[in-house]
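After this come two complexes, each holding subunit A, first together with subunit B and then together with subunit C.
And then the complex of A and B:
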């Protein structure tokens, strides 16, 4: 990383608009004056009365410095120090700019109505294309084609992180950036990510987003690992198909109950050791439902992959690398991914 | 159930001081040491039995990537050379390292943390020249490195004031530590995911044990030896993967459970044979010099037996001199002004 000490962050960039706000600061779309390049500036203010550089910033930057090679992880181009109007130290993280995220992308499709299964679309197309509204038709055709590609890219990016000993721990549609033109998907927001090549280590419940949280974390396991990210990937997969969150709980208990109602209340037979987890209680007993009831328009191969991502027992859950090899992706053209 | 869990937690918290009877090494506990998926104890063994080809931690290709990347984080020969020629203050570094070990012990951080902190310290010292004769700057650097490592890797980060335990000569304000943190981060280019011998240890122990989980006692012994390599400077010439391979080979050889020739032929696929054997020899000497193998305090106080060790002793003698005590008082008296002026200048330089 070349350090351009000549220009301060303010002098080097022209802020164009604010595009987001997070716990530690704002995100701007900006133009680099020297090159005209559009970037995303993530601004973090350092309060001198607090404890120095925030851990989330430190983890995010150091992990991105390690992961900078993969096309499916957002690229951190530079870190600059500056001062704001009150003379306080500010850090600017300079990222490549991506024009949307998966959350917005999904929402844009939700507004166009109910899902039509891809195989039905193909039949209708071959028989009588003029029956349907053209826009409605192409929107859904478009999404069904790109579903595999987006999921493959997500698995590939996660496999890359895991291959480097990094857990993301906050995978959700909002943290998956997209370029609408190229349909490239990139993993972002690694402020909660963490290295796991550490012997004898406990992790805390620092994961924030409830809907994508794995059951072992909800039940209080502190020794979790790569499998927690794959649970999130499974939830995202289902949401891409239905355009609704798979398990939209509003408390930890409700989150668990949402999961148990669909997958059945776990027991020692399906998940050895579950009853010894810290937060385990007696729960209402539900029988497992078929995943097709929750994701009716996903084909058989997709349902199989999804079921392997949503295994209760973490060690049985499919890994990102193995997911990439699943037959669901066999007919996907992977040359540009 | 509950007693079993408490026992396991207790083990996890006392990695450096635990003394194990053989009977404590049950399959479940061993698996918890090695397994990525650690939600329960007993199923771990079944997991290994069912999928013997799947390693819990680094895959073969991940290991290759880590070996490729470790040079980015390795202070290496350049740092060693500076220490040996006196360009870097050997005694001040030793004092900082001792302080780091005491603080780490105080907060119960695992052994990896002290290696990470020292990685930051040594890389910084190689890349940036602290002002001579300002003893407080090394202390401030140690505090900043400790703070950064705690934020990056530990689940609980002490406040700045609480961090400065262990008979520090100087006490720094939070904002002063922040400035030093930023200086360390920019000097190291924010590459803080340090690769240490612990990155490779589990993989090597498993591989030379025929892909089976090694005894917990072997893991604890390995951790202890790796921690001991960190205090002196002799092991600075070796990469983390070389140290991990040598320790794994030494420990497994020590227990007579593996064929040394077979282990060597595997390990030299990843590290150079000559350097591996040299490192094993030095590990052996380190182990002998530390006396009781399981006495961690003895390990911590072990001095390297080399010309550098002689220099080390001289530095200690100098520090005990009354004249030095006087100098120390003077330094304390001057440090507020010097500290403030120097850091402002440094930060200003960074911003230009």
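And then the complex of A and C:
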């Protein structure tokens, strides 16, 4: 963590291109002049008047200080303080550079049908050498190995966060960075993350992008657990298979109704305490559908894992650590992941 | 959590933290040897504030409206800060600014609902611009090391509790104060610091 008097981006970094923009500033692909290393530079404006250091920045930096050593969490290399052209204080977060994210990756698959780029085939063969024994194999076989690999990496990264008492609270394809060449997946954007191990008054329910938001959060629970992240993992799993969001609601109510239509309207039998939650009302009554109707191309083991990730009762939802041990991942050579 | 929120616990904790910090500041102000090596930082006031540490901390407690845990976490931050910045010991010229900054940072990190820097500046009797400078310096001084594991939290609670009982056995013996009890329902996790927190030299004189 470096505190320099003045750090203009010109001095330390050569900005190559803008790759994104968030609430508090821009993200650039940049080259570190001293080393020639390509990095992602997240420039955070400090609102001089009222807020100071945004809590998202404060949390992200401190949490990544702790989690960055895991291969499935994006690496924060440095934090520098400097000034912009107007003389206002700016923080630069220097991250390792990843060339895509899961959202873009899914979109590219959706556009190209089901063709698999040759470099992915190479990676898949290294992860699952047993494929060599199969004389004729189909695209879906490749896709299932690719899917298992990404899901295993995601569960591993989430398990690492949870093992250190950190809830991510904003898991979605856009926040999962990828290296196209190696198919390595890394969890990023921990601005909404928080430690869940020290008691506090209450959590906000203004977290998490709607489509990946757990039902307990939608129903107004003020204390929630690791299970909120596992719900998001389940939604991402389904989206990886179908290339479509599983529950694409455009309001909190619509989001709940999407969930209820597929999984059935919850009640005290399937989810004790649900009717006591703040936002609980009398909802239309739907019976649960088979998950295979929503994710038809997922095999039986995959459907079993998905169903455990999408359990209504948070305490019954599978943990990331347990998910890694699920038989769905038995074919993977986990040494490479 | 319930323990910290019971009405008689927090005032006693605030009172004890105040007397603890007062003793630390007195000790460091008296230590001429240390004064020679002290750096003047943004936390250093030109004059010694007239408001007592206790009144100041009570004011923060009254207006900050943050989780009670934040005061324990702020105490952890002050300890980390003094360990990482040995040339900036707590004294009567910087203790007030360090206090308001540590509580504000703890609330920002811990709570989802908190007041902004401008509000804390008003509570602390400083300008918003100064509050912002203090925050950035404090964060870099801590190396952004803000997370507190349950093990560390509990250790500091236990430490404070034993110090309180040692200091004022008559006043505190009846209060059955168990600051760490609220964490029993929470899962405990290993982290680098959780094994070393016992070794850490804490703020108590």
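As a working rule, the second predicted complex is superposed on the first by the 292 of 337 C-alpha atoms of A that agree within 3 Å, B and C clash if a C-alpha of one lies under 4 Å from a C-alpha of the other, contacts with A are read in each partner's own complex, and residues count from 1 in each chain.
Here is the rule we use: a residue touches a chain if its C-beta (ideal position, glycine included) is under 8 Å from a C-beta of that chain, and two chains touch if they have at least 3 such contacts.
Quick caveat, the model's predicted, so the values are computed rather than measured.
Asker: Based on the superposition on subunit A, does the combination of subunit B and subunit C result in a clash or a fit?
Answerer: clash
Asker: Should A:300 be classified as contacting the first partner (subunit B), the second (subunit C), both, or neither?
Answerer: Neither partner.
Asker: Check the residue A:79 against both partner chains and state whether it touches subunit B (first), subunit C (second), both, or neither.
Answerer: Both subunit B and subunit C are touched by A:79.
Asker: Who does A:164 touch here: subunit B (first), subunit C (second), both, or neither?
Answerer: both
Asker: Look at the residues of subunit A and decide whether subunit B or subunit C touches more of them.
Answerer: For subunit A, the partner with the higher number of touched residues is B.
Asker: Contacts for A:53 in the overlay, against subunit B (first) and subunit C (second): which applies, first, second, both or neither?
Answerer: In the superposition, A:53 touches subunit B and subunit C alike.
Asker: In the overlaid three-chain picture, which partner chain does A:282 touch, first (subunit B) or second (subunit C), both, or neither?
Answerer: A:282 sits against neither subunit B nor subunit C.
Asker: Taking the superposition as given, does A:66 touch the first partner, subunit B, the second, subunit C, both, or neither?
Answerer: Once the two structures are laid over each other on A, A:66 reaches both partners.
Asker: For subunit B, which of the listed stretches 44-52, 260-268 or 296-304 runs into subunit C?
Answerer: The segment of subunit B occupying space taken by subunit C is 296-304.
Asker: Indicate the residue numbers of subunit A shared between its subunit B interface and its subunit C interface, in ascending order.
Answerer: 1, 3, 46, 48-53, 55, 58-59, 61-63, 65-66, 79, 81, 89, 163-165, 195-204, 206
Asker: In their shared complex, at which residues does subunit C touch subunit A?
Answerer: Per the stated touch rule, the residues are 1, 4, 66-67, 69-70, 73, 105, 108-114, 116-118, 128-129, 131-132, 135-137, 139-140, 143-150, 153, 182-183, 186-192.
Asker: What part of subunit B is in contact with subunit A in the complex they form?
Answerer: 1, 5, 12, 15, 32-33, 35-43, 46-47, 57-59, 61-62, 65-66, 69, 110, 112, 147-148, 151-153, 155-157, 159-160, 174-175, 177-178, 181-182, 185-186, 189-193, 198-199, 201-202, 219, 223, 350-352
Asker: Which residues, counting only subunit A, touch subunit C once they are in their complex?
Answerer: Going through subunit A, the ones touching subunit C are 1, 3, 46, 48-53, 55, 58-59, 61-63, 65-66, 79, 81, 89, 91, 163-166, 194-204, 206-207.
Asker: Would you tell me which residues of subunit A are touching subunit B in their complex?
Answerer: 1, 3, 5, 8, 46, 48-55, 58-59, 61-63, 65-66, 79, 81-83, 89, 163-165, 195-204, 206, 216, 221, 223-227, 272-274, 276-277, 313-315
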